[in-house]
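See below for the structure under consideration.
The chains carry the letters A, B, C, D and E, assigned in the order they are written, with residues numbered from 1 in each.
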Amino acid sequence: LITKTDSNPYFVKMKQGAQAEAKKLGVQLKSYAGKYDGDNQSQVNAIEACMASGAKGILITPSSTKAIVPTIEKARKAGLLVIALDTELDPANAADMTFATDNFHAGVLDGEWAKAKLGAKAKDAKIAFLDLAVSQPTVGVERDQGFMKGFGIDIKNPNKWGDETDPRIVGHAVTGGAIEGGQKAMETLLAKNPNINLVYAINEPAAEGAYQALKSVGKAKGVTIVAIDGSCRGVRDVQKGIIGATAQQYPLMMAKLGVEAVYKYAKTGAKPKATPGLDFFNTGTNLITKDPQKGVPSIPVKKGLELCWG
Amino acid sequence: MVQSPHEAQRLERDAQRLEQPVAASAAQVAEFDQDRSLRHRVQHRLHMTPSLVPLFVVVASIAGFGLLVGPGFFSAFALTLILKQVAVTGIVGAAEALVILTAGIELSVGAIMVICSVIMGQFVFAYGLPAPVAVLGGLGIGALIGFINGTLVARAKLPPFIVTLGMWQIVLAANYLYSGNQTIGSDQIDARAPLLNFFGGQIQIGGAILTYGALTMIALVLLLAYVLRHTAWGRHVYAVGDDPDAAELAGVKVGRVLVSVYTLAGLICALAGWVLIGRVGAISPNSGQFENINAITATVIGGISLFGGRGSILGMMFGALIVGVFTLGLNMYGTDPQWTYLLIGLLIILAVAVDQWIRKVSA
Amino acid sequence: MVQSPHEAQRLERDAQRLEQPVAASAAQVAEFDQDRSLRHRVQHRLHMTPSLVPLFVVVASIAGFGLLVGPGFFSAFALTLILKQVAVTGIVGAAEALVILTAGIELSVGAIMVICSVIMGQFVFAYGLPAPVAVLGGLGIGALIGFINGTLVARAKLPPFIVTLGMWQIVLAANYLYSGNQTIGSDQIDARAPLLNFFGGQIQIGGAILTYGALTMIALVLLLAYVLRHTAWGRHVYAVGDDPDAAELAGVKVGRVLVSVYTLAGLICALAGWVLIGRVGAISPNSGQFENINAITATVIGGISLFGGRGSILGMMFGALIVGVFTLGLNMYGTDPQWTYLLIGLLIILAVAVDQWIRKVSA
Amino acid sequence: MEPILKGRNLVKRYGRVTALDQCDFDLYPGEILAVIGDNGAGKSTLIKALSGAVTPDEGELYLNGQRVSFASPIDARRHGIETVYQTLAMSPALSIADNMFMGRELRKPGFAGKWLRQLDHDRMARIAREKLTELGLMTIQNINQPVETLSGGQRQGVAVARAAAFGSKVVIMDEPTAALGVKESRKVLELILDVKARGLPIILISHNMPHVFEVADRIHVHRLGRRLCVIDPKDYDMSDAVALMTGARQPDKAA
Amino acid sequence: MEPILKGRNLVKRYGRVTALDQCDFDLYPGEILAVIGDNGAGKSTLIKALSGAVTPDEGELYLNGQRVSFASPIDARRHGIETVYQTLAMSPALSIADNMFMGRELRKPGFAGKWLRQLDHDRMARIAREKLTELGLMTIQNINQPVETLSGGQRQGVAVARAAAFGSKVVIMDEPTAALGVKESRKVLELILDVKARGLPIILISHNMPHVFEVADRIHVHRLGRRLCVIDPKDYDMSDAVALMTGARQPDKAA
């Protein structure tokens, strides 16, 4: 199992899920991780180490969906089963199978919900974007651009954020996906425009940081925050009203399915199949909110808490 | 640079009440040089008090951004926000500055900070210890890690860069392993151990919001400035950084000074970890991985030589503020984050270039 | 450490054919010290050829992991895999080592590497230029960035740490802005500009797979070792790092040497960018952000003093290999990544401690 | 009479160089002992061994008949042995006063000194200035100026002033007048005699034969890492001494 | 006769210290000119100005009557002015041979030297050893040993040997015998006379009056940053010179 980083709880959960499943099936699992989000080289090294030590299959959440492909091809040629988790490769068929969520779609759900929630005010909303990193890793961009799409902002180049001209955007700031970063980013954007009333956060820790920043200047009420991930902490934040809505994803399920697939492949040589109609196996995304909006599919908090991870 | 000796003295006083808007004094920049003896006096002052130079850059950049961003930047809110944002970096930077003064470098500062905040949290929430014990435990472990660094540097004579590079990785990894990557939220902290959140408190004066964290940074830096200038230990720190062989021959216990400096640095980092809890309102093992780079940047911009023995810790604080001012200013001006990143890179170089230039003309 | 003078000579020869499995020579470690004059000769050899020490650590750690991981680690495949994995770090490390020998530090190495690989890609795919022009363009821009660094260090007399810290941020941000975050895939490269992928090529001898990238690293390091030892420029690099004032008085054009070193470092980083394309098979603007830390680690583990003027560039390569051996060994052993980081941290310290210790007993 | 400082069979090797080769050494109370010898004869190494800056590989050291071994210069200083090193041992970026009082700073009296551990900069500056004035080093304009801005001779003067001011049992000077001007050298020689008058024995290393013959009570001739002989300046003249130390002449008897 | 090296109204300030204060200077062909003065009088600063190590704030410099200004020591060396600095200007970690040939390394003949730019380490080591042997510095055991492992005097010997070997117009020596032993000092004085016999003029800064009076043709007395007077050693004795340079006596006439 090769994850993007070990510092993001999302991947930590994924690792734990995989370990639990591996133990159940009696499979030997080795894990690797990059040093930072976007660290392609560590992942290349990890794949090579797997090949050298005679692994049967690789589960990977690619840091760079395109740059990892040549190495993956080598691994597949060497007879390893390669499964992409969470993030699709580019092209998707470079892996034997992908168990993933559609990050763009998760963003779209957030955006649509926020648009409906603000209703008439959506026209002149003041939005803060709390993104992942200046290097613009794929996930961050997909989620961000999905949100804009859902909210009805012209996203220009879908592969990068920051090129939009919509006046409703107060600004982008980077958080590193952590509370501290979220807080600092929010403070900065607030200093720029104190009238922000909608916050898009790359993940729930960033959202939590944003909430802290808002609270410390007495603006906790009246600002809507949306996030993506669906960790139990995050869902509870939705419950408490800190986060308006979060798009929930399922790292544990991805990991479990992935380990199973490798197990099956090692036993029988059978490769897993994709969700009909898609080129990957969609583990799904659900919007969780206390305040469902019409036309935006969502599940209640209670259901979310059952499905949540971490 | 500055207009009169009184001005110069005032700038120095400002160092001690930076919290107040310093905008006024910045407007009259770049007009001096009528009276030669006056100029000489100013130059002499700059020469004797090297931290005035980064202070000048701080003031100038605040003025600059004021013009650029508009009066919003001069608001007490924005100016105190800068202080708030640099508090953690400033404290970690103080630890870094101490080590750099001994011609060392400390790459594990951020890691020590994070693990100490996590330890404080775990002591309370995993082991159920009372909050004061947890805080003491965190501080103690910070000092212990520093002590190990110091011992390896001073006794085993390993290069500080390597010791702390290794320690950085060790501590970060230990942190993830130990914390299990769990975040402890503000509600939990408020409910069970409000002491951990102590530094989140703040004093409000008009629009100015001074967090205890920011005040702690200022107090710590002033205290260290006093210690470095006015105690034997402080002089020894400079002597060790300047030329350790000469210091040893002249009767300084170089090893002991080094160990004490690294231990103190570890302790200060642990304090930074506590402040971090208050700052973030939560305990998250994901912070501060690269705080070492921020701390070194602040130290070097502040005019402390990486070769040791030269510079003032006040300068470090102004260095941190320079970065803080640029970051906030550029963001408020609305530059794209990538451009901000680029411009900060440029301005780091520029700030030091201005510093060097002032030193030259005032030499 | 080593058993006879012949052994010592053999170790040195090994430096030049590290590609072959060196396992055999590692089995007989830690048994010397019967014959005093023999020991003295070995010690003298170690003293004169400081890069033997990290080489010894490389060999010992290969042996250690062989025992730990099993014979799989001794396979030609695994051993050449290490070379392949450290090729990029080794090349960037060569640039770093040059700068560190002048008592500088170069934090922008990784950033220069990435932007040059991106530039090569963009020249071909965005502007439709022929691949050789694109490669030259990339190399030229790498040298140019290095030249700017060097000029700021040598002429404006800014501290290298600050110059390259700023440059690191500037170049990374410029890279993101310029690349528009586009990755260029291997299919595109193979179709339109196979030259960019040149360093992905490899020679296979039995199970041993030598990529051109790895061979380039070895050739580059040997070339630089020759230049540093046997040309006037090389001696001047050492003199500048040792004591720039003395070097200037003794007739070395310190400024010019510094500018040439940084420019060459930039050029080598650009070469690393080209090798990186071959290594990964794609061009991704997200690589190499923290390659500077790897490069510095390799350099310092390899025994080059951060204070300049002391050490050998061969040592840097062995330093990179030490890290490579540990990383692959731990990866193959299957330790959890956090444990891997922790152990690597520990072993960085240990490697240097062993190095220091050997130097001491052989002094 | 029992020597106050005695060395026996001292050996110190640097790699393949044997800088001290079974060297003996005696310093008697109240005397001025000059150590002369060629460049590289091992004089500096000898006094480094006596002052704790270097730990000899073999051999014994006795202070007042007691076996001692110094782990560091601080150790030796604590026993009252004060040294002017050939390399001067100054921190270039620190001020003259800081350097003079390095390792034995004066604190303010009362609360500030006791509890705040505050240094008495003024008093230290005053004393430093007095000591330098005694040596006639009045060209120094500012006692708080960093040592690196001093001329070579001024630096040496500061180092000599430091040792003379603080020595309590033995004062060792490794070429204290090498970079000094005529007038300043005179002052140093007077100072050496002053120190002797205070009852302290002095070890003086110097290449300046007139100086040596002017002040020394006995002369230790060092050659090839060991004591060749000890001579009395009243019985020998300068050319004899030079002949001995360069090996042109064999010693006939030891004093 | 026209001076070979002439300075007029040279001024150099370091912050508030004026190290050179409208100083004049003349060196005539083929002579040995001694510069004497108190510590801190500005002698080193003067010769740094002459050798390009320091750029004077004001004043002119003439070489063979031509106005020159040296941007760096290399500039001065290119004009044939070779200097032994008081700080010696050596790279401690490099070998003796490397230091001697720093900045003017010898390359191997033929292809290796021309195209591979390979240095001729052997030849450089041989020449370095010869030069040192001429100076009688035979206690040095290994020409490839780093300079930092040499004794103070050995280091100074290396620096002197370097300047003497390469000077073509003027050789400047700032206290070349300060750390040298009696025998080695003799050798340096002989070497100075040798160099003079080769027709080169020499500037010698020294605090050692016997040495100065032994070799100098003229003596430039430096005081408080300027030339007080120039005296002929045949007309004055040492005590006169000392009286002049310490200010105890006023100069009556200038030479």
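As a convention for this text, contacts are C-beta pairs under 8 Å (C-beta built on N, C-alpha and C of every residue); 3 or more make two chains touch, one makes a residue touch a chain.
These numbers were taken from a predicted model, which means no experiment stands behind them.
**Q** What's the fewest number of moves from chain A to chain D, given that each move must go to a chain touching the current one?
**A** Minimum step count, chain A to chain D: 2.
**Q** Report the chain whose mean Cα position is at the greatest distance from that of chain D.
**A** A
**Q** Could you pull out the chain whose C-alpha mean position is farthest off from that of chain B?
**A** E
**Q** Can you work out the whole-Å distance between the CA centroids of chain B and chain C?
**A** 32
**Q** Report, in whole Å, the distance between the mean C-alpha point of chain A and the mean C-alpha point of chain B.
**A** About 34 Å, centre to centre.
**Q** Counting only Cα atoms for the centres, state how far chain B is from chain E in Å.
**A** So the centre of chain B lies 47 Å away from the centre of chain E.
**Q** Hey, how far is the Cα centre of chain A from the one of chain E, in Å?
**A** 72
**Q** At which residue positions does chain D touch at least two other chains?
**A** 15-16, 87, in rising order.
**Q** Could you list which residues of chain C touch at least two other chains?
**A** In chain C, the residues touching two or more other chains are 172-173, 176, 336, 338.
**Q** Which positions in chain A touch two or more other chains at once?
**A** Where chain A meets two or more other chains at a single residue, that happens at 6, 134.
**Q** Would you tell me which residues of chain C are touching chain B in their complex?
**A** Going by the criterion above, the answer is residues 152, 156-159, 161-163, 165-174, 176-177, 293, 296-297, 300-301, 305-307, 336, 338-342, 344-349, 352-353, 356.
**Q** Any idea which chain C residues touch chain A in the complex?
**A** So the residues of chain C touching chain A come out as 69, 72, 75, 77-78, 81, 84-85, 88, 172-173, 176, 180-186, 200, 279-290, 327-328, 331-332, 334, 336-338.
**Q** Going by the contact rule at the top, pick out the chain D residues touching chain B in the complex.
**A** For chain D paired with chain B, touching residues are 53, 72-74, 77, 83, 85, 87-94, 98-99, 102-105, 107, 116-119, 121.
**Q** Which residues of chain D touch chain E once you look at their complex with the stated criterion?
**A** The touching residues are 14-17, 37-41, 44, 86-87, 137, 139-141, 149-154, 157, 175, 178-185, 207-210, 242, 245-246.
**Q** If we count contacts the way the header does, which residues on chain B are in touch with chain D in the complex?
**A** 230-233, 235-236, 238-239, 242-243, 245-253, 309-310
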